[in-house]
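Okay, structure first, notes after.
Per-chain numbering from 1; labels A, B, C, D and E assigned in written order.
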Amino acid sequence: MSILDRLVLFLPTLGFFVLGTVILVSAWMVGQVRRITHAAFFMVLAFTGVAGVFVLLGADFLAGSQVLVYVGAIAVMFLFAIMVSDLKELSGPAAGSGPGGSGSRAPEGDGEAAAARTAARAWVLLAGLVAVAFAGIVLAAVAKAGLPEVSVPAASGEPTTVLIGRELFTKFLVPFEVASVVLLAALVGAIVLAAREDKDRGLGEEADSGAGAAGRRNGGVTA
Amino acid sequence: MTITPEFRPAPGDLEEHEFLVNMGPQHPSTHGVLRVILRVDGERLVDAIPDIGFLHRCFEKVAEGWTYQQVVPLTDRLDYVSAMTNELAYVMAVEKLAGIEVPERAQWLRVLVAELQRIASHLVWFGTFALDLGATTPFLYAIREREHILDLFEALCGARLTYSYMRIGGVRGDLPPGFVGKTREFLKLMPSRLREYENLFMKNRIFENRTKGIGRVTAEEAVAYGASGPTLRGSGVDWDLRRDEPYAAYDRFEFGVPVGQSGDVYDRAVCRFKEMYESLKIIEQVLDGLPEGDVRAKVPRVLKPPAGDVYTRVESPRGEVGVYLVSDGGPKPYRVKWRAPSFAHLRLLPVMAKGHMVADIVAIIGSIDIILGEVDR
Amino acid sequence: MPADLGAFLQGVFDQVHLWASQSPFWSALFTLGWGIVKVVLVLGFIIVNVLVLVWLERKFSGRVQSRLGPMRVGRPHGWAQTIADMIKLLGKEDIVPRAADKALFVIAPVVIFTATMLVYVVVPMGPRAIVSDLNIGVLYLAAAASFTVISVLMAGWGSSSKWSLLGALRGAAMLVSYEVPMVLAVMGVVLLSGTLSTNAIVKSQSGLWYILVQPIGFLVFLAALFAELNRVPFDLAEAESELVSGFNIEYSGLRFAFFFLAEYANLLALSAIAVTLYFGGWQGPFLPPFVWFMLKTYGFIILVMWIRWTLPRVRVDQLLEFGWKVLLPAALVNLAVTGVYVLLT
Amino acid sequence: MHNLTSLLTGFWSFICGLWVTLVNTVRPPVTFQYPEKYYVPLEGFRGYPALVVDPETGETKCNGCQACARACPLGVIHIETAQREDKKRYPVEWRLEFGRCMVCNLCVEACPFGALTMSPEYEFAEYRPEDLVYTLGNLKLPPEGFEVRRLDGSTVRTGLAGGGRG
Amino acid sequence: MIDVQYAVVLGVLLFGVGLFGALRSTNAVRILMCIELMLNAVNLNFVAFARMLPQGSAAGQVFAIFVMAVAAAEAAVGLAIILQVVRQRGVAHVDRINLLKG
């Protein structure tokens, strides 16, 4: 086996690392980027990246569903919520603010502002600590568990669609039905919660069929 | 809070979720240069405030500086889609003021061109209204059929849009050779084409859904706001100057006046559309019984009507065009006041638009068939 | 002769493939090279067809409207008009509005074009003329369409214009709510053919086209297709007479060309999909499969254009009502009936 | 049930519309390629006010009475005259500011001598605004006149020297 | 060849990043987004672990599908609640939604 061949065999791994980097960076940006619309679009990128990893892991059906559900429905729902409500409150900077008031809102006194900023910084530090601790513990556990080394893509006998279909409608039939009930409940709940009260308009039912309300409703349904 | 054209919203002026959108002056469906300030909540209109004046050309003031005869071509430029009826309203005012008898043939010719003009104008309305509702093809068809009328007018007076055909005391010239035959051809062609339009557009389900129940105006509101023409009749008020206060030779003809019921966009549109059939009937009667004779009374070259004032009105395709003319005995009018139907209808816009959607305001503007030339003057 | 040539090319291809599969490196290089060839072929296919389609649309609308359509550039019948328009668009000033969200504004046209390109991966143009016969083909199509929504929202929000935002929200609401009945309608075909792969669906239609057994499903699909394509009567996202030009109002020059290209590429792609799902794809007697495929696709495109130049535009609430109250139940009934049928046979 | 009928009638209305467009597709186009095919105006078309040339003398019939200039609402006609040996006046300068002219035909009607007529030309585009000021040189109608249509389909020549429609 | 363990590690890291984002931001919508990312990380792990099962079993992928369903439901209801709160209180900052504190 020549060096070139080794290089080629390394390609999927390389792709995996690239995708992983994209996912992690965009996930990081979701939490940090100033504008919330950008955060939502970074979320889309992260979702797409995860779908790519699914493909590398040989779960093509899941990759398709991932894009369909997360990009086509959930992300669109988020974007709709952000764009429809178009509130300063919702779209303004959120990062860098801790409990007790965000740093961007200027309180009365200078000392108070400084205190708020310190509190915010401490809060960020705390959040980072928690996240790092969690990741560390789980990684340690993974290392310790000695997971079997399985390489993908492994030769699989049947297409994943057949496998998933069979399992979903035999072994997991009850959870499947429960999931559909959960979705239905979420759908009804989301409509009830998000529908605007239109008493003052006197247009009743008609009024909440505008783009905004409809979009929110649709998001629920497609999900 | 009132919103004026100069209004800039300050924080707190508008409700949450609301924002202002400028529709026009550059917008494909504002029929000229109209600016409508839309206060919207998502796609729903909270208010629509028309802002006019982009096409103001000082017509009334300019007319004071010109002789009576010279004002005629100027009136063409007001409602440029229906120039003939403008001229008619104006020359009728001058004739009334100066006490001029108009020959019978001229009166009949006036009816003929006014009704041809009505069809041409309604065809433009039909096309642009369809365009407003997103259908491109009816526009081209309507313009294609309007071309027949424009050809007739071109042969009659040499122009296709600003005719300058009416003269004080009559009309400019008699019918050119071949006019009657060509008009009869048009009369034969047009009903089938109108039925095509019905199949293509007026009976289309999407059209009905888009227009029924939209921009509703009650009969009381329509009267109170000074609406006229199809906009008034769409609301169920049976009032047509041609029949109820006949001028020119209209009392010689049989024709129906389509009246709607609910006063929504659909009824207005149907009224306008059916008027085309009635106009065809009138034209046919004119051609059948056109009397011989002069087409222009003897009028002094420098016309000096006695001091006084008159008001005349005619039924233009859009509604009542009224002319208030004051003379001080000189060769030029002392004051010309133009009552434009589109202006009154534009005031109805906020009434009609409230509670509907952004897409509906386009349909509403289309249904009242405003021409900004006569709104701004 | 063409058949001989095809066989010859096939032979050469197989030889090269066999030789390359000896080592992983050469195999990968072969895959890469073959992939590039495919991409170039598809791109060329798209661009040539888009040029033809734009011209065809203008000619056809001219015909419908008693006009001539483009006549001037390229004789006869102004065949070079689209090329001239493209050159004009490329030469135009590239304007990014000052208030625009630059990143989103710039990325949106690329995303929409990429999303359109993705669809072509599973369009079978012949028994073997398919970029990749994925075994989740139909699901992949639905997934690829999701990115169109994202890019419409990107363009609408990124332009920082109220009109474009309204257009984008309309467009996204429409795309999202019409994707559901569309996918459900297609599921009827999937049930009958028992596969998600597009090429296998075509092969299963050798006897009977699915439009004959799935007429309701096809009508639902057709209606949803107009929404996906942003065409009259469902061209709400652009809605020239209402929103001026909707989500792409602020775009000019090359960026607008991308939207334009994507629009027609999408028309071609979805028509090809419709032909694949309901009209037997490339199957047909006497003529080569690719010719059949193109004939059917262009026939379907003419149908789409014909409807476009006839109907007025619906309003956004009626559109959503139609989608949820008519199309969705119809698609569900169709799916249920098909399911029972499949279960019984 | 009601909904279903409504759906079907709606669908039928679309079919009707599609039929109309289909019928119109087979009708010949009404437009044509303009510069290749010149639109022949109808008799009496108002292009711009032009001076009629007397066939005998080759001069204009205008004697500079200023009737047209007075009738013009916009005052775009300017005439300067001189006197010939036989005491008849003739225009030495006849200027029409065509850029402002609204082609209302009032000047033609005002002329007591039939010296003015409306030329049926309609191609007025110029690169410079000053080119839109027509003078005696380019206001005279060509002696061969113009070909115009009549509503009955025949073509006639108009604007011939000596002719002129009031 | 990719080792499945890589995917597990990626899942853990993604979860950590999501957790950090969710903890540090105060904007309710952003927190919801970060939770979606964490659910994605879980999905990643499910799919990776599914590879360690014997051939012919897709239990992990099925679980991932369930997670997606739950994520969609959660996002829909969560967003609806946030929108309602924003509409009534005018704030989307979680620390200022302190109705229960009086």
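Everything below uses one rule, namely that contacts are C-beta pairs under 8 Å (C-beta built on N, C-alpha and C of every residue); 3 or more make two chains touch, one makes a residue touch a chain.
Since the structure is predicted, the reported quantities are computational estimates derived from the model, not experimental observations.
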Label of the chain whose CA centroid is most distant from the centroid of chain E: D
Identifier of the chain whose CA centre is least distant from the whole-structure CA centre: C
Comparison of A-E and B-C by number of C-beta pairs in contact, larger one: A-E
For chain B paired with chain D, centre-to-centre distance based on mean C-alpha positions, whole Å: 26
Whole-Å separation of chain centres (CA-atom averages), chain B against chain E: 62
Separation of mean Cα positions, chain E and chain C [Å, integer]: 33
Centre-to-centre distance between chain C and chain A (centres being mean Cα positions), rounded to whole Å: 28
Shared-contact residues (touching 2 or more other chains) in chain C: 64-67, 166, 169-170, 309-311, 316-317
Shared-contact residues (touching 2 or more other chains) in chain D: 14, 17, 20-21, 24, 30
Shared interface positions of chain A, touching two or more other chains: 9, 61, 65, 73, 84-85, 87, 210-212, 219
Complex interface listing, chain B residues touching chain D: 66-67, 69-74, 137, 141, 144, 147, 151-152, 154-159, 162, 164, 172-173, 176-179, 181-182, 196, 199-201, 203-206
Residues of chain D defined as touching chain B within the complex: 9-11, 13-14, 16-17, 19-21, 23-24, 30, 41-46, 71, 73, 102-106, 109, 118, 150-153, 166
Parts of chain C lying in touch with chain A, wherever the complex brings them together: 23-25, 27-28, 101, 103-104, 134-136, 139-140, 142-147, 149-150, 153-154, 156-157, 165-166, 168-170, 172-173, 176-177, 179-180, 196, 316-317, 320-321, 324
Sites on chain C touched by chain B in the complex: 61, 64-67, 162-163, 166, 169-170, 232-233, 235-236, 239-244, 309-318
Contacting residues of chain E [partner chain A, same complex]: 1-10, 12-27, 29-30, 32-34, 36-37, 40, 43-44, 47-48, 50-52, 55-59, 61-62, 64-66, 68-77, 79-84, 86-87, 90-93, 95-96
